[in-house]
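In what follows, structures are represented as structure tokens.
First chain A sits with chain B, and in the next complex the same chain sits with chain C.
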Partner chain A sequence: MLFGWRSLVVSSLLFGMVATAETRPQYGGTLHVATRIAPASFDPADNSQPDSVARRNLSRLMFDTLVVMDHRGHLQPALATSWQAAPGSQRWQFWLRRGVKFHDGLPLTPEAVAASLRVPNPGWNVSAGVDSVVIEREAAAPDLPAELARARNGIAKRGAGGSVIGTGPFHASDWQPGKKLSLSAYEEYWGGRAFLDAIEVEMGRSNRDQLIALELGKTDIAEVATEQAQRTIGNGRRVVTSAPVELMALVFSRDKQSSEEGKQRDALALSIDRASIRSVVLQGVGEPSGALLPNWVTGYAFVFSSDQNLGRARQERSEIQHAPAWTLGYDAGDPLARVIAERIALNARDAGITVQTTMSANPDLRLTRLVLSSPNPRIALPAVAAAAGVGAPNLNSNSIDELYQAENAILQTQRLVPLFQLPAGFALSSALQDWSEDRDGTWHMDDVWLGSTRP
Partner chain B sequence: MTFRRKLLLVFALTVFLSVATVAWIVSLVTRRAFERSNEEQTAALVAQFQREFKRNAGDVVHRVEAITASEATTRMALAVSRGTREGGGYLNEAGPIAESHQLDFLEFVDSHGIIVSSAQSPARFGYPENSLANWPSLVSKPAFLKQEELSDGTVLGQFAVRAATVGDQPLYVIGGQRMDRDFLAALELPAGMRAMLYRSTGTLFAPQLLIDASGPMKQAEKLSPLIDQVQKQGHDTTVLMHWSPDLVDDETIHAIPLNGPDDKTLGILLIGSSRRPYVEVKKRIQSAAMLVGGGGILAAILLSSWAAARVTRPVEQLAAAAREVGGGNLHTEVEVTSNDEVGDLAEAFNRMTRELLEQKERLIQTERVAAWRELARRLAHELKNPLFPLQLTVENLIRAREHSPEMFEEIFRESSVTLLAEINNLKQIISRFSEFSKMPQPRLQRVQVNELVGGVARLFQAQLESRNDAAIACQLDLEEGLAPIAGDPELLHRALSNLVLNAMDAMRHGGTLTLRTRQDLDLVRIEVGDTGVGLTPEECERLFTPYYTSKQHGTGLGLAIVQSVISDHGGTINVRSQPGQGATFLIELPRNLDKLRAPVPLTSDVVTRSQ
Partner chain C sequence: MISPRQPAVYNSPIAEMLIPSPGFSSRASSLLLVLCFWLTPLSYGADWSTPEQELARKIAAVTGPGTVALEVVDRASLNKKDVDDISRGLRVHLETLGLRAVKPEQAAATVQVSLSENLQSSVWVAEIHQGAGEFSVVMVTAPRLDEATFAGEPAPLNIRKIPLWSQEERILDVAVLEEGSSPSHLAVLDPDKVALYRFTDGRWQREQVMEVIHSRPWPRDMRGRLVPRQDHLLDAYLPGVICQSSNSTPISLACRASDDPWPLSSSFTLGGFFAPTRNYFTGVFSPGIGKLSSTGKFFSAAPIPRQNYTLWMFATVDGQIHLLDGITDQTTRWNWGSDLTSVKTLCGSGWQILATRPSDNVTDSVRAYELPDREPVLASQAVDFAGGVTALWTEAKGSTAIVVSRNAETGNYDAFRLAITCGQ
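Right after this comes the complex of A and B.
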């Protein structure tokens, strides 16, 4: 009995110590990340590289922005501790955090920040003050701080030979463009050293390979394709998904040339059975959408109908004398895109419209994924318009009505047909502790640490 | 063409035709044998294809049945039967199953005909399977042909349908394999043969639908008539295709319609058999025939030459001998070398020449006798005329001595004159005969005929003009630029003078003497014409016979001498005359300038001929 009581006490103490050790953050360890993307550069201002949630997150590991957006969409200080707008919101001043150093040990200066911001924003007038930078725009820019929170505005010092140096929690120790990126914790990070010692990123891996690597314990974070999310969860994996951050849409290569073509585009949009595609192809993930921005960003997306209306589609089609056959292009490396494109072609045929899927470079319309550029709709909508080849909407106020009108105007051009709003999903290993991410899929890697539990 | 060449040609032609006939027969037999072999090969390939087709069809059936019996299908059938299809459905189910069972097509279709999952068209989920009418009736049937519509076009395939029944409702499994270039490439074909496949649309020919093992066919349009014909008639058809002007590219195409379960032609299999081996064999045969034929013709020419020479040599000898005889050489004989008809002919020829020679000799004897008789007659006639006055004169002298001695002296003087005159006359006669016998050979030199003729005219000009009551006009018609000839000017002058004298004798009452010269190639013509009494045809015929004369006091040697001179110059003389219309003597003299360098006497045979 005595033995039993002592044993119970010892066991309880040991359990308590183990439990404490498992829940208390630990320094050290190397986090392995696998991605499908394979960028040739991580320069935040390099627009030639495809945009994706994964790229933004990897970029944020190395490059800080002046401000960041928290999970509620509120702006928080980062490299800038405070900011102020002059009346009219054309002139903004950002006061920089003191004591911040680049990865090469040199201090962050207003001049460096100004030089960095001029690269992705050549239209801005950026000047350096004593301990601040001043940004002047030609028009009112009430959302400039939100714009500066985008990863593309990460502060980087560009050296000779295309090298870029940031101030983020990790610095690149090895970089094989398109293949591998090795990051090490930056000891002098202004926000405090990260728990992880290093992060190894393997790029260009297919979703299937990533999941196998996760299964074998060779990676801790793997991208999960939309259609695989449910199955991955069903297989007992730990999957985190963002709010919808990616618009899948049909984008026409040119403006409509006639009212008849407008009717044909309208008939095509009405013929698409988004519900079946979501149910079967997307495995129930994502949201059918008739809007350009997700509902969680604007709050009014549901107003734009996304229901199939075959009768009206046929009616529209019957009013067209001559409906030319269209070619529908898609990303050959995206198996999901192929099935959806073919399904759209079948739907279109039901409405009497001939759509031929193709992988050629110049189709009449293309199935495209557009990543939400910012949780701020007044920043995201112009980006969508630009991607669709439509002129930037005129947004001068914070009015939701103005935003709706602008989005509706873009849709009226019929340059693009919204299909789905898709989330970004990642499968995580069980060793990953204190994982958190924002609704737009932004990781908070500085809080993450590795536990001992590994498969 | 000579007899030998004719024989040669006949022999060569015979050999050539024989060789050509043999080559043609061999070519014909070879072609038929090849055609037969080709047909057998094609039939074998068709049979092989049908076996392959059936085996493939059997494989498709087995694989579809295996899928139908698999656990995945059972699970899917159960879920579909219960209506518990999950939200994700079975979008990606069919693809991996089809891949694992090596099928190109696989669809799971529920009892309502709705596609549950499709390997070839994943996007067709939820759509009805309506590519084939009444397809549930094909369950448990063998594989069949079907056209499958894909996003990138329609393809042809072998399909099988099976049903997995779990509960009340069946789940249909429709699987198949594509019939495409890989299918064609998998066929084991003999060398020189190939298989092509046309996916029939039931409408007009579309070249892009015709493929072979390497992909879309080149020059596919050329097969359009064949494919259209097979589509219309629906049975096997064979044609010969000319792909290019070169015959080695020719190909025999055998088209087989491939029908679906409703007997509609869905595809056409074309089996091409290259005619290259046949054409090459044919070319080799033709080359051999040409070689053998050429050799045969060459051998035929040599043999024919030898045989023709052997056959024709006696004939040629006979011909040459005949020409010799024709030329007057009757001493010609041919050698008798055989006992056949040609030998008989040679003997007959020799006999003939011998008889001709004997006859000639007899004729010569006869003519010689006749000539002697004529000479004797002429001599007697010529001598008799002076002898008769001599006799009378001598008898007068005798009578005068006996009866009138006083007048004897006077009579003697007168008689002596007469005797001397007649004796002189006799001497002249004897002199002319002597002169004819002593005709000299011409001494050739360059002679200008016009000058010669002009000289003769000038010589007789005075005599012609002195005849007051019967003047003769002399008309010279000499061709300018007349070429010189080789001749003896003295003899020719004498001959022309004789002719002029004869003309003057013929124009006792006056007339016109015409002297004309003409050039005719290598001949020079001289015409001496008069407008005198003319000659009868009989006189024309005998005119140049020695001692023949139509004149009262002529010796008959004048024209004979003229003919002798002309003949000695290698020329000829003829007369053209009608009684009362004058006469014209035509002399043709060869130029013979080449004889001036080698002044060889004219040959005896020429003399003989001219005589």
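Right after this comes the complex of A and C.
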């Protein structure tokens, strides 16, 4: 069996079990987190900031959502204790938990919730009731509660000068945009005060710097690059990984203009040797994928083949009279992307297609990472479509067939070529106790506590 | 199968959690976490016939009648027996649709069925190859194996476990006597007393203790029940003893030896005679269910109202379930534990059965079931307890239940309220 995220998670959990068996949780201490991301804002609705698992997790420390999704994908109450849809699922009512306060001590009100939700969702009609909020959509929205579980819908009170506060287990005590975030436990948190006193987040740190900081005992949580996960475990570090939460794909800058271009795109997709790239470049982590969404989300991803078929690729190429050279762009700050882009260019050449890697702003196609927007496939698929510049699929029912057909239709546009489904990995210090995360990489930091020993 | 989306998807308002007694929650919850992690999903011979039938129908719609080569591939780490059962079931259903399974070289079509899963469901995918390059995909969803214990589709219900009380002495029952947004006045019955507690100044304070007077030794695995009353505070039913509180202040408790029947339901007038030196009911009840006035010795009973009658279920001491509809006494086995009760809710059909089942050697769980006909349909995931369940009674209002379990780690008895919410 291939070494994938499942075995990584299990080994990590076993470690965690052993670590937590010795004592009851202890209050106090400051947790140190290092991350690559360097956001200028932590407003959950700020779409100008790149999405990432790390950003969502930091957001959830400060901002609660109305509902949360548990590890089985079931919705659970959070700031809303109950909810109900009117027939047709266009109108939803969410009853709010009583006694919740924002970090400034003022109560959470339906008006504040409604105002918060209008910002990331300008197309929604959100109104405040006595003890509830009502959301009305133009079309049926059976997955609205799952949509509200996303970090971007965290409830925030926005003040003058861009200040933003939430109701989460931690509140910001110091914020240096893009550099440092200091969080303190919110004593009046409705879910119970967190065990930790404070969290210090150092931002804009490279993966290498993060691991050095972990080694030196200067941080407790460091991000682990996909290709470094195996080596980090091999070095005796405690590593936890999510299920695959990031799609690495080639995204074309425009629709295909002719059937010949379609054949050329097909030939390129068939030429890519994902298995070798996974084995050599990704060091065995991640899953080669021909699907847009990972199998743990849909259950059918394996139907979309990701196998290299050089014979068919050459056949397709031979049917094209003129195959223009393509430029393949990638993120210059992503060393993994550069190596994979070069491998793809080599694979393409074997099929008779010229692909030149470039860092220019307007390539023909771009190697892109797309973060899974939700474990709910009916939310995640339209997000992938939007990122690829494809029209949103029409998903009106809970039917698995409909979902499959919609995903297939997006792939048939040939706007993007899925490559890999990648997990998010984190190395943890041995002082960290009762660590747990969901399959989509969501941390449960309010349950975490620090043991007495640091490395 | 994922059931078709209901026009209204909601859950009920959730009662605020009580502040438990000292030392209650953290140890119990940490043990629960440990136990939940190590529990192996139980397999009780799940009934896959509905998804088998549906997938067979979809395959036949693509291929038409004829011959197929069928291969079933496990992509969800199922056990071999389940894979074999599903494979066999598919072949049977395909055959009824005119599709005969043959070797690949004799087949007009090859069908590879992958038994996969996603976060919430099992996903069965059939990849169908016909002729030159003709390729189709059909799929169905089914409950995941750890949720698919019985036939039918589980209704999307959740059981909320709300801690009420914890103590070293065996808790026989807990009655919530007053509550606003959360319980504020409790009665706790143990073998020696009824203790009244009131939530004031942010903590539970003992208000009064009333001794249970009895002349005979209590039986082992003792049981008891509290029943709040309109004209006085409560009655306590214990083996061979019935106690009645006064309606004066301070409240007193008058106990007498009695073999009078214990109430079996808060919604229906049926009493069961409890064996005073044992831990079960004798099997005789009053005033009777239609023409029937007895069944086997039973541990617990639960009613489910039908349009023209009430169906009673009895968990008898021999492990069977007796279904009494007033005319017949039908017996069956459902892999349930000794304790069952029913609650009236706003979810699903309006009535659910809560039944215990062992999770492993030391812990029990409770699940909710619907009973659309005479076969139970799993309606919720299991709620696990950190030890064995020692009591399960419907509360007086009929919509919630009290469950008591003995924590295998602490040895304490923990009482919870179980409330069903109409979740996702």
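What we mean here is this: the second predicted complex is superposed on the first by the 433 of 455 C-alpha atoms of A that agree within 3 Å, B and C clash if a C-alpha of one lies under 4 Å from a C-alpha of the other, contacts with A are read in each partner's own complex, and residues count from 1 in each chain.
One rule holds for everything that comes next: a residue touches a chain if its C-beta (ideal position, glycine included) is under 8 Å from a C-beta of that chain, and two chains touch if they have at least 3 such contacts.
Since this is a predicted model, take the numbers as computed values, not measurements.
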For the three-chain model obtained by superposing on chain A, do chain B and chain C clash or fit? fit
Using the superposition on chain A described above, determine whether A:Y27 touches chain B (first), chain C (second), both, or neither. neither
Comparison of chain B and chain C by chain A residues contacted: C
Please work out how little space separates the C-alpha atoms of chain B and chain C at their nearest point after superposition, in whole Å. 23
Overlap of chain B and chain C contacts on chain A, residues none
Please give the residue numbers of chain A that touch chain C in the complex, ascending. 13, 17, 20-21, 24-25, 72-77, 81-89, 95, 98, 142, 145, 295-300, 302-303, 375, 377, 397-398, 400-401, 404, 439
Quick one: which bits of chain A touch chain B in the complex? Just the residue numbers, please. 227, 230-231, 276, 279-281, 283-284, 339-343, 345-346, 356-357
Residue set of chain C touching chain A in the complex reads 2, 4-5, 7-14, 16, 26-27, 30, 34, 37, 75, 114, 116-123, 125, 127, 137-141, 158, 181, 381, 421, 423-424
Which stretch or stretches of chain B touch chain A in the complex? 87-89, 91, 121-127, 151-152
